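Okay, so chain A shows up in both of these, paired with chain B first and chain C after.
Up next, the complex of A and B:
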């Protein structure tokens, strides 16, 4: 079993320990984004979430490993080894939580890895509405969609941590006004979830074991007096290609700052500036990131911008409008959080693009910024600012299960 | 065959803001290397850009001065390329929706007046500066200039000679300095210019092969470069000397030649896309109107008013409109004292000489115009002598003082107490009988000696006319 903690703080153990994923910058610990490029990189400043957590009395217990720049859903591409358990790729946050070493893990959800991890491990993950948690001090990958999320063993803890980290931040230009963020606080008013819709098109794309979990959730919901309907929701299938284009373009641009000049890895093998750039990046970046950079470069090229990138922005708008319409009728959409229970490292080596394929299920929330909850191994998307309603639902399921 | 030159300019102007465009670092010129830097303008991961509103103010101001349409929703985009002076390997600029479009600038040359069309003005961040160290054969990077706000003013290819280009650049500089958008100092790099040039047979409506000369930083270099490049193009067309390709060229002003830097094939794709970290800037009516209301009159409008309404000579008016600061102080002083000619004189001779002595430009004039007006009135009312007023003015350059209070506190108020003056005159006459005798004997100069002694006794605080009259009267009564 690979060790999944990269760095552990030396501070005394307390009840209020929280781990961060390795995309969130802290001054006390290195932040690597799972990349050789940032091996041992120390930030000069703390992320806003870190400041908020520490101010509220939480202790940053350490960092959990991520796939390189968190674009890798499966967590296989970290420079520090894959996030593996019993030969299966699961995700690093889960192990810490299962061992009860920390209360919660705060991660940057770029391509859905934390949601997938929570689904596989039977944990709760809440990915809040885009713009409610400051991204100041997170390593940028796909800025238009990446959102800080919370994973914990139960819904109440997720709510507690979320309540601490939400809020307007003038250091983040995409941060929503305080009154919008207030709606995510524990004490905020909310309407209960009464009607949920299973997205058939998404369900059909998942394998048997995942579909079984959705069936269980439907039964449980019915027991709780929630109306369950089915919708086709083919539109959601558009999210994956569009998000892959947007994400790759933004990642390509965001990792361009790692050129070996100012910080990060610098190759010892160079004669001139072009070799310095090329060799530093060639030696420090992994396969999946390189393919993302190439793809991202291509979709932004003059030849393809309107065909690929601009069209993806339009799909983002169409999907948001679609979701807005759906949430006028139902309180949440049920969809898988992953297509398959778990992959082995071998399978990924045979087909590295599994990471892209798996984003079919996480992309709808990533591209639109609508909030998502993972509970009982299943994903529920809700309307903007409906985090508390979704968490109430998770809480209801927890009680029902006991 | 006769040829005509077709020139379009891209002019970069650093905006006169206190801080940088996306972080709170100082944007001032002249600091120690890498003194004005933070993780944001060094491109470190995790910092997010927050737009400096003042940059948008000045971008709008520039557009309004150049008769542009203002885009009420304007966005920032990322432009990617690798260069060591660009810390994040992308520059945040405006590609899809620049702040200003479709403007005009009127220029005047020996051939008369001409309208030059502006295609667009966009806001962007500057890059850092590479300092080559010959001793160690390395390049060092100074990040002070990274993220200093710029506007780029893109003209249509409406210019056809070096003379027009210089007239256009000087007009731009005048207008932007007048509107306090930028100090436009070529020598400090706060104004720079890319020259796009092509040549075609006269009367043709097909454009020739275009070359671009980047980062020109003086008017004389631009003039020489345009003449050289025009000749090179004509040579290439007529005699096949050198191949004409679309390319970026570097002008070497010492050698007087241009050199190829990169051509179309080797040019990178900038991969522009909207910056997802910067929300579109929406300019509402209040904001638009506030900037519109803050615009100054054009210099020539001020000049006409100074001459027609205030009766200044053309020379005086021309001197004042050299600098917005002079106009502002002049207008405030005039409003206070109502004496236009006097106020103009104080600026053109007295203020200018103080600035010259301090090696400051006219734009750096920073005195209270209302106080200057008060000072002028004190002189006119014969409460302070002209000489002492100059001393008070020097004090006004140091801090914002009330001239009358300062004069009182420092004993600079003129004495109109004839009794006191007569007493001094009496003493002086008694102490210097020789001069009195000389004067009586017809030596005019002797009077000046007596006058000077009196003035010294009175510490200058005396109306010279009154003193002179009292002195002559006393001698004659002797």
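Up next, the complex of A and C:
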């Protein structure tokens, strides 16, 4: 097995260095999606975010390890192994930013891993409104919800990089028109966050240490003159099971292209075409991905399509309408980004589906496309196109904390 | 979900689980069944499906090739190719 975790250029650290997670295609570096299936795979073209960053003068300094197809907790299912420090999972993006080797990391948020990474490391992560950043040239996993996001050590850097990568792209069918994307640019007008609501049902599902972080954020918000209220928000609990169903179904379809014929891994052990397909996929895919494919296939089957898949699409609308109502009353919802203070490889061994339990906190934003910000180890969801307001809030907290 | 149904899913998806993985997977299906019940507690009879989070339809662009890759380039990533073709095992006797 290769031991590569992070590719990083040898040039000295510069102001303009940005790293990408390994779900984003680049011609200059391999893109593996953390999977043996794509070990050393080289793309023929760059992702749109890469083109935009390079055009704006940024250097793509390296690639960051991800869990297989970015569906796991913190990169622990990567073929190249997890990133750990003192026995705890950290996420490669956090390690790079901590070492100050890059200015920011641009990632594909499929199932919340970048947000969890940022929350655990005390970084800022902005997951923008779905459709504002082109997904052209990202390895598809769960297309209806996955979104490119930016992680950095401070809110101003997140805003700077986000401003570069947002914009309409005709190569991505889900890309929003330019006038909608413009609302995320640094200079765009925005309304300040004046009232935030803590989602009690989500808060109650987290450990005490995480609830303590929310308490600290509430205190800080109050000091900044922001009204803090509490809402039950039990509806948000529906997001996890619905997103797990939709994500699994989409992952199942998206990884069906990996067959050991056109590109990627091919097993040396086969007699006929069926063995070639089966052995290539079985040997190359990890257990979480196999489980996801099988579950996704089941929810799309004749027996379960209406009960599970169709139901989840309707729940998505229920959630979306609920959030639309809530954002008519408050500017942001406060919820944990993850339920625990730290995670170890041991915890993943005990519960290989821990990522799907922890998506309780990240699924509301993933399934509805509403933006989310991670700051102070806590997640804030905002209304569509409210990224600048959320980042202003993070900046305010940064200043207040100094 | 039982072992037989799971085996069928494995065949359909060209995957194979070990015995240990099969046991974990069956537990996972049980867990998902319980989670699904929480969704069914919500009446969505009058709710329209939401396939896309943004109300965008009929997205088209000019029918113009923009990435004219050569056959050689496209086959660079192929596990096995020969003389411009992808190589696969014999399909018919």
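Note that the second predicted complex is superposed on the first by the 393 of 402 C-alpha atoms of A that agree within 3 Å, B and C clash if a C-alpha of one lies under 4 Å from a C-alpha of the other, contacts with A are read in each partner's own complex, and residues count from 1 in each chain.
Here is the rule we go by: contacts are C-beta pairs under 8 Å (C-beta built on N, C-alpha and C of every residue); 3 or more make two chains touch, one makes a residue touch a chain.
Only a predicted model underlies this, so the values are computations on that prediction, with no experimental measurement involved.
**Student:** Should A:290 be classified as contacting the first partner (chain B), the second (chain C), both, or neither?
**Tutor:** The answer is second: A:290 touches chain C but not chain B.
**Student:** Report for A:341: first if it touches chain B alone, second if chain C alone, otherwise both or neither.
**Tutor:** So A:341 meets neither chain B nor chain C here.
**Student:** Name the contact category of A:39: first (chain B only), second (chain C only), both, or neither.
**Tutor:** neither
**Student:** Quick one: is A:137 in contact with chain B, with chain C, with both, or with neither? Answer first, second, both or neither.
**Tutor:** Only chain B is touched by A:137; chain C is not.
**Student:** Could you look at A:173 and tell me whether it touches chain B, chain C, both or neither (first, second, both, neither)?
**Tutor:** both
**Student:** Any idea whether chain B or chain C touches more of chain A?
**Tutor:** C
**Student:** Using the superposition on chain A described above, determine whether A:98 touches chain B (first), chain C (second), both, or neither.
**Tutor:** So A:98 meets neither chain B nor chain C here.
**Student:** Is A:305 touching anything from chain B or chain C once the two structures are fitted on A? First, second, both or neither.
**Tutor:** Touch status of A:305: first partner only.
**Student:** Looking at the overlay, what does A:398 touch: chain B (first), chain C (second), both, or neither?
**Tutor:** So A:398 meets neither chain B nor chain C here.
**Student:** Determine, under the contact definition given at the top, whether A:156 touches first (chain B), second (chain C), both, or neither.
**Tutor:** neither
**Student:** Kindly list the residues of chain A that each of chain B and chain C touches, one partner per complex.
**Tutor:** 44-45, 144, 170-171, 173-174, 252, 256, 259, 261-263, 273, 277, 297, 313
**Student:** Provide the residue numbers of chain A that touch chain B in the complex, in ascending order.
**Tutor:** My answer: residues 25, 33, 38, 43-45, 47, 135-140, 143-144, 170-174, 249-250, 252-254, 256-257, 259, 261-263, 273, 277, 297, 300-302, 305, 309, 313.
**Student:** Enumerate the contact residues on chain B facing chain A in the complex.
**Tutor:** Residues 39, 42-51, 78, 80, 82, 84, 87-90, 141, 269, 271-274, 276-279 of chain B touch chain A in their complex.
**Student:** For chain A, which residues count as touching chain C in their complex?
**Tutor:** Those in contact with chain C are residues 41-42, 44-45, 130-131, 144-145, 170-171, 173-174, 176, 237-238, 240-242, 244-245, 252, 256, 259-266, 270-274, 276-278, 281-282, 285, 287, 290-291, 293-295, 297-298, 307-308, 310-318, 320, 352-353, 367-369.
**Student:** In their complex, what parts of chain C are in touch with chain A?
**Tutor:** My answer: residues 1, 6, 9-10, 12-17, 21, 24-25, 28-29, 31-32, 35-36, 38-40, 42, 44, 47-54, 56, 59, 61, 66-67, 69, 73-74, 76-80, 86, 88-91.
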